[in-house]
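First subunit A sits with subunit B, and in the next complex the same chain sits with subunit C.
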Partner chain A sequence: MKTNFLYKVTFVLFSVFVLLPILYTLFSVFLEESFLDNLRLINSSTFLLLFRSIAISSLIAFLSTGLGVLLAFLLYKTKLSFRKGFRLLLLIPLFVSPYILAVAWKDVLYLFFENHTFIASYKGLVLILTSIFTPLSILIIGSALSNINSQIEESALLIVSPRTVMFRIILPLIKPALISSFVLVFIFSISEFTVPSYLGVKVFTTEIFTQFSAFYNHALAVIQSALLILISIFLLFSEGKYLSEAAFLSIGTKGNQQKFHELGRFKIVALIFLLAYLFSSVLMPYFMLVFQGMNDLGKAFDLLKPTIFNSVFLALGSSVLIVLVGFIVAYFSVKASKLKKIFDWILLIVFAIPSIILGISFIKFYNQSALSFIYTSYAIIVIAYIGKFTFIASKLISNAIRQVPKSLNEQAILIGISPLKRIRKILIPIIAPSLFVAFVISFIFSFSELSLTMMLYPPGTEIMPIKVFTIMANAPQSLVSAMSLIVFSITLLLIVIFHLVYQKIKNTNV
Partner chain B sequence: MKYLSIVILLFVMLSCNNDKNVVVVYTTVDQVFSEPILKDFEKETGITVKSVFDAEETKSTGVLNRLIAEKDNPLCDLFWSGDPVRTIVLKNKGITEAYTSVVAKDISTVFKDAEAHWTGFSARARVLIYNKELLSQYPLPKSIFDLTADTLKGKVAIANPLFGTTTFHMAALFSLLGDEKAKQFLGDLKNNNVVIASSNGDVKKRVIQGEVFCGLTDTDDAFEAIKEGANVGIVFLDQDGIGTLVMPNTVNLIQNSKHQENAKKLMDYLLSKNTEAKLAKSCAQMPLHKGVDTPTDVPSLDHIIPMDIDYQKTAQKLEEIQLYLKDWVED
Partner chain C sequence: MSKIQFRNISHSYAAESVLKALDLDIEAGKLTCLLGGSGSGKTTILRLIAGLEIAQEGSISIADKTVLENEKNLVASPDRGIAFVFQDLALWPHFTVFQNLAFGLREQKQNNFEVEIKDILSRFSIEDLSEKYPHQLSGGQQQLVAIARALVLKPKILLMDEPLANLDVKLKRKMLDYIKKIKNDFNLSLIYVTHDHKEAFGIADNIVILNEGKVEAQGSVEEIKQSENTFVKYFLEY
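Up next, the complex of A and B:
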């Protein structure tokens, strides 16, 4: 009963702090006199643009997930040399803001083509966003691959070929992760506006941004965002359908060994592929930042020094809360019937709302005398991050929970272990790797979030991504690159520290 | 419930910071230039300045949209804008408060709102930045209309005219030339394969890299390029014709804000000769007061023929042409 109570409290708190501001803004827009006039502005060209954006985002999600399968298999299921190093290096694009990466990519491609025609196109957009989001797919799929029980693969390999094992056993087993990867990358791509805006490519979010920033028509921007929300709801509905049909997986429990495959004669080919991918999609833009920024590192550090503590503290606190809420939602959504998955839907809707609209909703709701204690403190940012990123954490954790054999829980119930103890002693230790991944991803996103933070940061406070981007205007490229490098290095250092702490806790509990 | 109470208590404690000796300023002026001046004000007056800066990534509209959203309960006391457009948008939405600063009495009325809702200081101009090496074989454009010449086909860049100072530049052309001639000019520019960059900074970068021969940008971007050692030059266009667009910084009070007296002090400080001297030094902005010490490489407004425009009317024109500009960009 206590666990149900926890779920209900979390649901009420989330609804009050996050959902209510959004509903408040939506109703304000619907009640505006200009609502019908704005509605008339939604025409065939709006839908054409929306469909184009859906097609582009689908392609990016497909490519990222495809590359994610290939790379995650090589890094998590084979005995390839240096695979742990590759795992870390391939995550680099996640640590740097998409906008900064787009700037670096544009400079790299200019070196080859001597003009921006290729990069300032849909092809360029797909290339850049695929390279940015593939690490997310690798993390999600890699985490699922690590959880496959080695006995299943070994038994299958006794009867059928490795190729058949891959296509008939491994891929079906990680189907929830593949769908999650596709869904997350799709939503990230369709709601991304900084990269297409920088490249000058027109997509649905740049249209929303134009209404917002050039015409100051907040109402139309909100109505257009509602279309994005509908697309996301449709996506979740489809995902739910596929997941309900997916086989429940068996997880490699503590003490079980993972199955690592030998690549034989393909080992060299795999290494060359990994190196080529690493060089072309990760190291080239990163080297561009190093090349441009190494002379200004000292100056950049002085500028960013006052922001480090605030930013780390804010991202750390937010990610702990995100994982906590994500876990509570995931735990109940896995068990709940379709109708009771309303919390899942709310998380997705909030996640799909463009950051600027979310920011405006929070300002309109919280900027009132009675609530100014939230609006004028860091609390507003923490609430915004929880609203924005809990969906990702919840997805990752629910996938992991789905992989835990039901029999474990059933046995625990039979011997009378209480629900809270079952969660603490059985479930959490088993899904700890996924909890850690959810924490790391939440931290990275909270640490680098810009659009929402820009709308909400309290006057007089200093937060790292804000500082980088406010200094960026009119600062020399070398200083901007140097600041990006410092943000990247701090993120990397913190993740290594988190990993060491996690390993220590894990080893202590073994 | 115990933990929830602690969290609420913490929030309340945070909210108890009712420091009266503060002023909250929102600014679209680049942080590298505005922050040192705000820090100097803090040192000299003891008034704490709480600032919100804007970012290039949001086309410097994040702060403006925040001000509009905060209209019913303003957190900001003073808005310092890099150009008059945004201030006029706020004035039209009833967000600004009138204040006449005695410090600005010798600034020309051209750079002030007739109802004292905003006052201009330190100006930038729209200039042509060009790559000296690439343009050496061709005649140097002297007029904005030279940018439609065949020799510059595909070799001129301008920033997206839906945002920032480029919008205002286009609106100024429309109000000065009339709709027909201005549309003809923009059509010719489009036919000449003008490159639409994401920002003025991007225009500067494309000229330095040599992707285009020249482009329209603001003086601070152009001078920054020269300071970085790029092989570029600057032309103040149309000195024999319609003149160059001059855009002052503007400052205004926010209606019903909480620290009006401190905001007035900061407004007076920003409108002083001393601030203009600092901005001339840091980003080559041209003072509007007479007799301000400026570095030798900073041009004087006395030697530039400005476009003869009314800022309020130009801002209204801007609203009229936004849809046309959107179609022009997307065509």
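Up next, the complex of A and C:
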């Protein structure tokens, strides 16, 4: 069958271009004669740094998940005014490059406390990364809360207090989502490189980068990376099924009657809390960039102008390919045997591998004369983006496919419509809104990605995040703020445009 | 006219056996109701006739032609002369009523399909719905469109899987009259799945009562009513 062939080709290509570089890098280091010597370099200070990074990431994951429960409850289980607007606005930090928010937060704290010591510390790192990753927790936990059938709660409310329902019914039911939120935020935090690097805070990823780029000790960097990969994979398996299915990555769910809770006299308090959170996590950083960067806006724009087209074009090309690969994987994984689910797992694992490690693997694998045509072109970045972001796209698409009744396809089978035509004429038009969202998310993630891009961008090319990040080290803070403001604004503008297009697609898609 | 024969058919989903060495004869040109409780194998029988499932054992023939044998589909679904009205009706939501009907006809490269569509829509008195989308139709109108879409391809056998399950009593009665009329007007073999014996008694020429993947009784409405089979008596009582 042609479609099955397509899946196999995609699997082989993904394995060769994305998986092989990772495996090659890991195994080449382990097979080196100097492996044991390098292993001895992993000393107590390495482990101390690793444990410190684990502790920081655990704290961020704990805080994000805790805040996520509270915010998701208010946004998904109550009928608070403007909750849909809050839901959309609170997600913004998830789509803006972390280093941009780090610049903004630095501005905020500098303005109020007139020094950088707080922000350039572990406490500052926890504060910034918690504000960046809490939206992810809201998304995961909110989705799980929306999927609790009202009758389950109502039948409990008839016999016990709302408080007991919360602790004995709701929280146990959303336990997989809570664990997934913790695991994902932990993995993202421990993998984050750009924020600690910008703040000058030493963590495990910055140590790997230093070994790789400053000391050229590639073998040690890879061994350290392996430790991080092992931790990530170990954690992924803790809630593997929930995470690999990623039900929280879905657009519109099947009609499920939800129970909304009355807040009574706490309604005003809840609204004030939401407004305060929105102000501190989104509005204040944004306006602070405006405030600090206003005077250098023209200069910043001149510097960024040559990079805008490259960045948009790169993100556009990558996101089209990501959606294509994501669709092929999703289509087959929905009706998959256990064997085919392996591809799902590979995507999840590659997604969870820290960007900096993916970057190191790609450099080591593609930096060979036979592969220099990839290494010296944008192709290496596109392949890396496909590796990194296809998991999200494929989950958004597969969750949409799962919602299409099987009978729609079977009705077409009975009248002799070919498999490809069934995909083209029946499936794709029905899941068009989800395909579009997958495209948008892939685009925005590709557009604002920094860690991978920084390691892989071909010499002589200009890409927006790279330009900002390289200038950060030497330029005055006001110019850095102005450049960050432009990137932030472009991202916001894209989100608004895409949101309007999405509404149009959704309305025409009956 | 298409007689359908099941011989020694066994079928299971994962570890769950649904049909167990089933022998079944369905007469041509009749309205046969498959009656049984949940998990009795009614829907599986329809899906096997349509070729949407492949039985692990046994053979199926339609109009004396073997369509399935030894786990192999010998005749593909579109070549069996079958139309299916699913329980959820399976109207393609992004197509108008006209497009829903035209999709199959276009695939068969039929000329004048517009005329055929107009004709069938007018027979069901729903020609004014032609440009509407499924979500703009009432439940009853959706049923009619689903049936019209099935009939426009001129099948020899029409399979209906509890298509009236979501309708109110009044509309259900009206639709049952329609279905009886369709069988005669279009000269079809019609196999109708239901769990409601009153619904079956109202329209069937023949009834097959299924229990746990086996035929408990088969015959005309009167024969079934007078059956001494313990299960049949119990089933009809409730």
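Miscellaneous remarks
Note that in this section the second predicted complex is superposed on the first by the 304 of 510 C-alpha atoms of A that agree within 3 Å, B and C clash if a C-alpha of one lies under 4 Å from a C-alpha of the other, contacts with A are read in each partner's own complex, and residues count from 1 in each chain.
FYI, a contact is a pair of C-beta atoms (placed from the backbone, for glycine too) under 8 Å apart; a residue touches a chain by one contact, two chains touch by 3 or more.
Keep in mind the model is a prediction, meaning the values are calculated, not measured.
When both complexes are overlaid on chain A, the residue A:Tyr198 reaches subunit B alone and has no touch with subunit C.
Within the superposed three-chain model, A:Ser213 lies in touch with subunit B and out of touch with subunit C [touch as defined at top].
Look at A:Phe373: by the touch rule set out above, it reaches subunit B but stays clear of subunit C.
With both complexes superposed, B is the one of subunit B and subunit C in contact with more subunit A residues.
When the two structures are aligned on the shared chain, A:Leu414 is found in touch with subunit C, with no touch to subunit B. Taken together, the two complexes place no residue of subunit A in contact with both subunit B and subunit C. Within the complex, the subunit A residues that touch subunit B are 99, 110, 114-116, 194, 197-200, 202, 210, 212-216, 218, 356, 359-360, 363-364, 367-369, 372-379, 450-451, 454-455, 457-460, 466-467, 469-477.
Touching subunit A in their complex are the following residues of subunit B: 11-12, 14-15, 22, 24-26, 30-33, 48-62, 64-66, 68-70, 72-73, 75-76, 89, 93, 160, 162-163, 167, 196-198, 201, 205-206, 209, 211, 220-221, 224, 228, 283, 322, 326, 330.
Those residues of subunit A lying in contact with subunit C across their complex are 405, 407-408, 410-417, 421, 425-426, 429-430, 509-510. Remark: subunit C residues 50, 52, 76-79, 82-84, 86-90, 92-94, 103-104, 107-108, 133-135, 153 touch subunit A in the complex.
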